[in-house]
Amino acid sequence: MDAKHILYLLRKSPYSSSNAVEALDSALVAGVFEQNVSVLFKDDGVWQLLDGQRGAAIERRTVGNVMQALPQYDIEQLFACEVSLNERGLQLEDLALTVKPLSLEEQRKLITRQDAVVND
Amino acid sequence: MDAKHILYLLRKSPYSSSNAVEALDSALVAGVFEQNVSVLFKDDGVWQLLDGQRGAAIERRTVGNVMQALPQYDIEQLFACEVSLNERGLQLEDLALTVKPLSLEEQRKLITRQDAVVND
Amino acid sequence: MATLHLVNSQTALQSCLDVAADDDSVLLIEDGVYGATTDVARALLVLAPDVEARGLKDRIPSTAESIDYDQFVALVETHKPIVTWC
Amino acid sequence: MATLHLVNSQTALQSCLDVAADDDSVLLIEDGVYGATTDVARALLVLAPDVEARGLKDRIPSTAESIDYDQFVALVETHKPIVTWC
Amino acid sequence: MKFAISVHGAPFSSSAAHSAYRFAEATLDAGHKIARVFFYHDAVRTGDSLSVAPQEENTVIDRWAELSEKHEFELAVCIAASLKRGVINDEARDRYEKPAANLHPAFTIVGLGQLIDAIAGADRFISFGA
Amino acid sequence: MKFAISVHGAPFSSSAAHSAYRFAEATLDAGHKIARVFFYHDAVRTGDSLSVAPQEENTVIDRWAELSEKHEFELAVCIAASLKRGVINDEARDRYEKPAANLHPAFTIVGLGQLIDAIAGADRFISFGA
């Protein structure tokens, strides 16, 4: 089967439910299966990127750590919504992962290139 | 045991989950147990009041019908947030239940009078 | 091919509209249909059973087209990708 | 007795603030703690473990007081009713 | 003081079960009593004995069981909410001809009246929503 | 066309299971094929055979079973998501020493790779979120 363009559109905060960490697990597996994977953090999903998380404080896996595994699974197209970052006062140096900020127009183009979009 | 002042603060839309209908069931039981029950519909909870619902279209109980049972269980202190109604363009004649619209200040006073507040 | 946006909550609608292209289709389902009761400056589709369950039939403006599940499937045939906003 | 408002999502915060009296206490827990990262024109309390899990320690302004579960219980002792906003 | 606590969110799907547990523990540490912990809505899933908690994450069910045994309060699961969410005791297993029951032995299936009873008999009522 | 469908919300707690079912049915009526329906996140609860649906409400599990049998597609429940939410098959019952299994026989426990496999092999992927 040919590799597909799959975008993970991650919009949920890291600890409100298990969805954030489960969606990241899914992205990692898509990487293992050698699909053409992109990840876009948007809306409350950008909180997943924040450095210094410590899930142990509430007995949960640290989402920031799971997220940091993405590049090790050859997932290198990592994006964040510029507007979502700005609204939350998040600078790129506050983040635990190197992501490329995208304008709304760039996000529109990113979505158009996909075969499938997986949400959290 | 003395009757307590219990407020049901209902803020969820009727069909997003089972919470709305389950919270109404709980209010009915509080009526049976002869507590001093008030109900305040607020935020998306005011959508529960809208006339003409037909849950059967999505194979669910019709929340509007459950809600209409409140007066039969001697629950007569029925309120709705005035601001929430206005924001959604809802007039009192659009509703399946007679409720008294309350200003934010009146809601503040209503809450202050309670022993317990149950949310949906 | 144009994208189909599936919106199933009212809070997600704005995020969707921010990135939807003009020739994309936006379909509101489940609680997303409440989004059609407010002014939105673009064409929207709503899923009929979800509108009916919520008693919104008379509150959806004529600019929003009501469709059934068969038409929903037809939309999926002619669009790619399908993006869910919840 | 003053009311204790327990807020566990950011979207619920405004609804809470709309009806909270000046001498009420507002405690942000779980995802509610994100609400303290934006400007709010009143005193807020935040639950420390929820702030720590989310990596927000340095992003909560000094106007928001961080408390632990023991202090949470003490607040419940001195307030009635307790209203949950989620 | 006597506390009544209700919990509305499922473990793993919300933080309610964890927050409620930590609060209950702190309440008892402070010398208060708990009248009853009432699990409603998706929180009825807390009483499911078949779930397998992942490593690193909280196994809240066994700790609820220990706490309730030590401090003698009831872990009450609402019957109407639990049947449809697949948390059933032996009686429901027999009545609905299901192959097994899965309610944890430390939990009890009760009606909504027990929530109202707990509220009516307590000095404070607090709910952990979702 | 070949469709891959994923579902993210639990029955009763979200509308996702119902919407996805109606969509799957219409898809097959239109002559399309379904590669696989993948239940992830809270939607793994759809595969629980112990739940007792209330009257008037949808008993979506049996209809999923009928549809998948008739049209020969897989009802796949994600293993990582289902263990912690208490949906287990016989193998997990034995491995984790649980008193019973509760997975409905029409459903299969699979890994996340099966989601990616379904997406890779389908003409369209659609998810019903929560």
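Of note:
To keep things simple, chains are lettered A, B, C, D, E and F as they appear, and every chain counts its residues starting from 1.
Convention: a residue touches a chain if its C-beta (ideal position, glycine included) is under 8 Å from a C-beta of that chain, and two chains touch if they have at least 3 such contacts.
Just so it is clear, the model here is predicted, and its values are computed rather than measured.
Considering the contact criterion stated above, the chains in touch with chain A and with chain F alike are C, E. Over half of the residue numbers at the chain E-chain F interface are used by both copies of the sequence. Distance from the centre of chain E peaks at C, each centre being the average of the chain's Cα atoms.
Across the two interfaces under comparison, B-D and B-E, the one joined by more C-beta contacts turns out to be B-E.
Each chain's centre was taken as the mean of its CA atoms, and the one lying most distant from chain F is D. Measuring from the averaged C-alpha position of chain D to that of chain E gives a distance of 24 Å.
The geometric centre of chain A is 34 Å away from that of chain E, both derived from CA atoms.
Each of the following residues of chain D touches two or more other chains: 30-31, 49-50, 80-82, 84-86. Annotation for chain B: residues 15-18, 55-56, 58, 60, 115-117, 119 touch two or more other chains. Annotation for chain E: residues touching 2 or more other chains are 8, 12-15, 41-42, 54, 57, 80, 84, 125, 127, 129. Of all possible chain pairs, those that touch are A-C, A-D, A-E, A-F, B-C, B-D, B-E, B-F, C-F, D-E, E-F. Note for the complex: chain C touches chain F at residues 6, 8, 29-31, 47, 49-50, 69-70, 72-74, 76-77, 80-82, 84-86.
For chain A in complex with chain F, the touching residues are 1-4, 6, 17-19, 22, 25-26, 29-30, 32-33, 35, 115-119. Across the complex, chain A meets chain E through its residues 15-18, 55-56, 58-61.
By the touch criterion given at the top, residues 7, 9, 11, 42-43, 83, 104, 107-108, 111-112, 114-117, 119 of chain B touch chain D in their complex.
If you check the complex, the residues on chain F that touch chain C are 1, 3, 8, 14-16, 19, 22-23, 25-27, 29-30, 32, 124-130.
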